[in-house]
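The next block holds one structure in the form of structure tokens; read it before the comments.
Naming follows writing order (A, B, C and D), and every chain is counted from residue 1.
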Amino acid sequence: MAGSIFGKHFCISTWGESHGKGIGVVVDGCPAGLPLCGEDIQKYLNRRKPGQSRFTTSRAEADQVEILSGVFEGKTTGTPISLLVRNTAQRSQDYREIASYYRPGHADYTFDAKYGFRDYRGGGRSSGRETIGRTAAGAVAAKLLKELGIRLCTYTRAIGPVEIEGARFLEKEIWENDFYMPDAQAAEQAAAYLKSCMEQQDSSGGVIECVVRGLPAGLGDPCFDKLDARLAQAVMSIGAVKGFEIGDGFEAARAKGSENNDAFVCDGRTVSKETNHAGGILGGISDGSALVFRAAVKPTPSIARAQHTVNQKGENLEIRIHGRHDPVIVPRAVVVVEAMAALVLADALLEGMGARMEYLQRIWGEPR
Amino acid sequence: MAGSIFGKHFCISTWGESHGKGIGVVVDGCPAGLPLCGEDIQKYLNRRKPGQSRFTTSRAEADQVEILSGVFEGKTTGTPISLLVRNTAQRSQDYREIASYYRPGHADYTFDAKYGFRDYRGGGRSSGRETIGRTAAGAVAAKLLKELGIRLCTYTRAIGPVEIEGARFLEKEIWENDFYMPDAQAAEQAAAYLKSCMEQQDSSGGVIECVVRGLPAGLGDPCFDKLDARLAQAVMSIGAVKGFEIGDGFEAARAKGSENNDAFVCDGRTVSKETNHAGGILGGISDGSALVFRAAVKPTPSIARAQHTVNQKGENLEIRIHGRHDPVIVPRAVVVVEAMAALVLADALLEGMGARMEYLQRIWGEPR
Amino acid sequence: MAGSIFGKHFCISTWGESHGKGIGVVVDGCPAGLPLCGEDIQKYLNRRKPGQSRFTTSRAEADQVEILSGVFEGKTTGTPISLLVRNTAQRSQDYREIASYYRPGHADYTFDAKYGFRDYRGGGRSSGRETIGRTAAGAVAAKLLKELGIRLCTYTRAIGPVEIEGARFLEKEIWENDFYMPDAQAAEQAAAYLKSCMEQQDSSGGVIECVVRGLPAGLGDPCFDKLDARLAQAVMSIGAVKGFEIGDGFEAARAKGSENNDAFVCDGRTVSKETNHAGGILGGISDGSALVFRAAVKPTPSIARAQHTVNQKGENLEIRIHGRHDPVIVPRAVVVVEAMAALVLADALLEGMGARMEYLQRIWGEPR
Amino acid sequence: MAGSIFGKHFCISTWGESHGKGIGVVVDGCPAGLPLCGEDIQKYLNRRKPGQSRFTTSRAEADQVEILSGVFEGKTTGTPISLLVRNTAQRSQDYREIASYYRPGHADYTFDAKYGFRDYRGGGRSSGRETIGRTAAGAVAAKLLKELGIRLCTYTRAIGPVEIEGARFLEKEIWENDFYMPDAQAAEQAAAYLKSCMEQQDSSGGVIECVVRGLPAGLGDPCFDKLDARLAQAVMSIGAVKGFEIGDGFEAARAKGSENNDAFVCDGRTVSKETNHAGGILGGISDGSALVFRAAVKPTPSIARAQHTVNQKGENLEIRIHGRHDPVIVPRAVVVVEAMAALVLADALLEGMGARMEYLQRIWGEPR
């Protein structure tokens, strides 16, 4: 139970359905004294808002966040931060049809199997709108990281078969195209590919990559809470994500030790690594180099093409899912991946505060 | 903190270092009345024991488990089950050399970064011996699953570039070769490949696959504790695992919706899926078809080839790691992956007990 | 961190300050299929609402609850239930004075010590309004208990030196007087006592008692999560509670074993106890008899009498706290105690679902 | 489930039954660099060991602790600390009789109700020997507190009706008598009282008090994890404890606000309180004055007097419990109460590390 709660120290509790009254999150465990305003959160939410290009759904969703608690005079107070986004754009359309059958690739069938019934309106809790809560909370975590000099850079690495090319990587290009791709040429190819998918009433998947710089060495735990393990749960818990890799990932499985090991080197002052096949984590703990991971996103399951399925009575039928659906989820999911990474890292920073007696001495050590 | 504790309901707490007095685990939350004996656990531990072929380390490790608590008259009592494996094979070799420098691909550097110092003997807590605790606990979870008709099948899918072929898949072959591969021909090729790696004083990675059958539909949570997300954390928390996929995984990112969606079908009685690209999970909840996931394992970092690294003083040096190291970790990690999957599934079964008021009525409902 | 989250299975996350935008709670882990409407929650909130008698503050607080998620077509869906109460009655009064000094008996000083600063408006997070979140969540838990035939009866046992008398106990009288006392005569005496306190610009403490009937035997855990231990945390976490007793409590410390032991007896069919000194719990687990516990509540710290204190500059000063304060907190805290008990019991019921393999067989056991 | 795990940051997992192979605990989350040796733990265990006077059981229990992991070169490494005490004194006596009936005041009946059967040998998991695990872990926590200048002083405040008197309080006297009473005269009276109890084949309860000095202000959480609430759970989770009070406790319920409030005062440099009715905690957070709490302990339920009970068949019978039982548990429970307090305080210290952004800056703030 309690599967909508995430984090051990920087702990969030999300709630809300697609067509309920709203979506929100409570952040518990954020340190006091972090400068925070609505705009810090809104700019994250805006990155996942639909209707920004012809490749995202044309549904208009305002997604205005309201900070209900935990901030006083522009700073966090250390008490729970409650964030609320009211649902506004729910069409009063008839969902009775969806109510009766199971959409392939969706959670309709499994919700019924678990709970005995479901809120069938627009996917209910398993809708993409659920990510609003995590994204809002992730924005708070990202603000905390920023104060400590930790920077996240997240982008689309591939749309279907179209992948960015290392040689053309340009960070600022991420903000210049519809796909958050750091490669203008790939973005053009992706547009063409998606156009053909849409013409075929089909959809596409893709890959998201995240790079974190400025992370101190020594974050994460050696056992179950390895930093990459926690990132894996965080990222795989985003609907539609089907795979996770740190550093070389599945490529490492084909490599030899001599190729995959990263040599340490010291310039006389700082220890660093000559390569970064590990993706910034050794034994579950950050090593001070850039943290690099990827998420595989499946194609949007809602397609207008004919599909076979069954209804609750067990009758076989053919359906076509109409409506305003994203032909690809990837661009809107980029910020969600970044938010989840920020949450894991904020948690790890708080966890690490208790790693050494020396740290406790620094905070509590004055004689009394 | 508390990163050596895993699971919310079926909860384990592992401990132990490579060269300490032993390795162990406490299982808390196992239901009362499960038949359990030492042999149930020992046979799991034996599958990860070294020295079984020329492709695993020749170190002799007895790894005999002792049940210290929680079992009475052959059944679990509902109270914590403490399992202990004494370390016996620690050579009194001099680890002072390892103590001073950071082995590439190992956690030496990151332990120092986190804790300020480390138990350098044989890797300490980040040694492969840490997996004894999880494997022992996983054996208990697997016994619980078996009682409920849930069966796990785990095997080596690839060693370096050598992959099993679907057409040749034979489950009983898993137990016939040195690599737990369900394909005798691939196993032969793997042997040849590893032989060449060893001649080059090098090592290899690989891929492990797990298939779970008999799982009820409706297990897992729709949000952060999605069944695949929990599996991802569980499996990525095994040292050397660098990637995780459910169902088609990264392949799904390249697919179209019409290819990736699994059609539902009903034979008049039972709902099933025509294909299983999803790997048995929709929206984080099991759908009643086979659960299928994969883990990418990096090559053994301990190689005899010359490598560059630094010591604690920041001096650059060239090292060669001698000793009895596995040229490939994959075969011994197969059972560890299975154990982690069993732990996640046992946890999900317990969590699911509270999913419906109807279930509570069934257990607590008699009038009082 | 995360100290505003309570419960392991039936898990709540509360938020909100006295003078922020509102107060609320997210309930995660409530089983699907529980009939629930706003009125179920509102009637609990109304019991703690001020302005109901001359012995409670005359502040008008609407405290209307809104269910934001987790309920569909009159039943819980199994997903998080978000409950919101907007703050409406905050006077725009000047809190600058309170901001500068530390009120005796309040958390002003300790908030500054922990967080470095505080939301000083009306006590912020440590205000009595914080209990709205727990009470709302407790109402959901109480509904769940009611469905399973478990009934809570909570009342004022003492106001200052005025205590109810066993011989006069009348349950329906609880709803007939200003103090929720099950003894009309004691209620009259309490009124007279409080009147004299108010004339002296002083305040009173008291004792709350809760009796739970219909609880199955076998709830609770033998070790740290003993049912009485969890109740103790739950009840002691209510502001102003300074003591907790189960059964005979401190009286048991003065008794002998022969007096304190409860003999078991069987009427041929059912095992019961001849007495109930234990208060319904043996070894941390419910024994099927009535669960009985008490909470000691300190007098309202806000009094108009002159008091000595210091301000943030360390200057000694004399203050008088004016405003609309309850001369006694006890009557309004009765429902809060009941809510916390309901939360603990709902949690224990869910926990107990996994106590036996036999229960798992009953839910998951059909062959697949 | 998982009720044998306690603590969120300094997290312990205990295991073991009275007549199993041993008792133990795993401590996860202890910071690295704490000097720790077996003697630190043994001296705590020795304080709860029986056979030290004519008022404790004459059973000989060696209770030698072995540190199995987590300590290297005399210091904690930050990884789990596993502690083991082998059971040695189990008589091979026949427990079949106890197996069949339910001892009044014991957990026999409730274990059967929860789990369906029980390990009946000497109480199994609900035996007093269970406290060995907590005491051992508490010794580690107490060592951590000591390093930070925090001192615990725990003693017997009352045995049956015999209470210590404030005017005669002498701390060093605690170590001079059989009861850990800081008042020689009261100890003599207690001896006489217990002698009479024993002559009547009866037993006595009592009260334990704990005072903590040197605690920084600002520890604890304002909501559910109030420091006193966590202490209440910790202490009430000790078998036989039936009540908990902080500061004036139940006395506060009878007091007026003007009597119960503690005035703040400043000597020009330090803020302190003129009185300490609050017991060192305001709003759930430590205020820098001495923390004072009490636990009510019920009389030993095992008495040789005739008692009525039933057996598993539902037959009524009369029993007499023979064997070596403590006529009073209190003296041996003193160290257990201290251990639980130490665990809660260590947890709170770790939690408090993340209370302010300023603290994070101090640990992680250097530019990278």
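In this section, contacts are C-beta pairs under 8 Å (C-beta built on N, C-alpha and C of every residue); 3 or more make two chains touch, one makes a residue touch a chain.
This one's a predicted model, so the numbers in the text were calculated from it and none came from an experiment.
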item: Far-end chain from subunit B, centres as C-alpha averages; value: C
item: Contact-richer chain pair [C-D vs A-C]; value: C-D
item: Separation of subunit C from subunit D, taking each centre as the mean of its C-alpha atoms, in whole Å; value: 25
item: Computed distance of Cα centres, subunit C from subunit B, in Å; value: 44
item: Inter-centroid spacing, subunit C versus subunit A (mean Cα positions, whole Å); value: 38
item: Numbers and ranges of subunit C residues touching at least 2 other chains; value: 1-5, 8-9, 14, 29, 32-33, 78-79, 114-116, 125, 216, 222-223, 288, 350, 352, 354-356, 358
item: Subunit C residues within the subunit B interface of the complex; value: 8-9, 29, 31-34, 76, 78-79, 144, 147-149, 214-216, 222-223, 288, 349-350, 352-365, 367-368
item: Of subunit A, residues touching subunit B in the complex; value: 1-6, 8, 14, 102, 104-107, 109-111, 113-116, 125-126, 130, 158, 160-161, 197, 200, 202-207, 216-226, 228-237, 239, 242-250, 252-266, 268-269, 271, 274, 278-279, 281-288, 296-303, 305, 307-310, 314-316, 351-352, 354-356, 358
item: Residue numbers on subunit D that touch subunit B, as the complex places them; value: 1-5, 7-11, 13-17, 20-24, 26, 28-29, 32-33, 66-70, 72, 75, 77-82, 84, 114-119, 124-125, 350
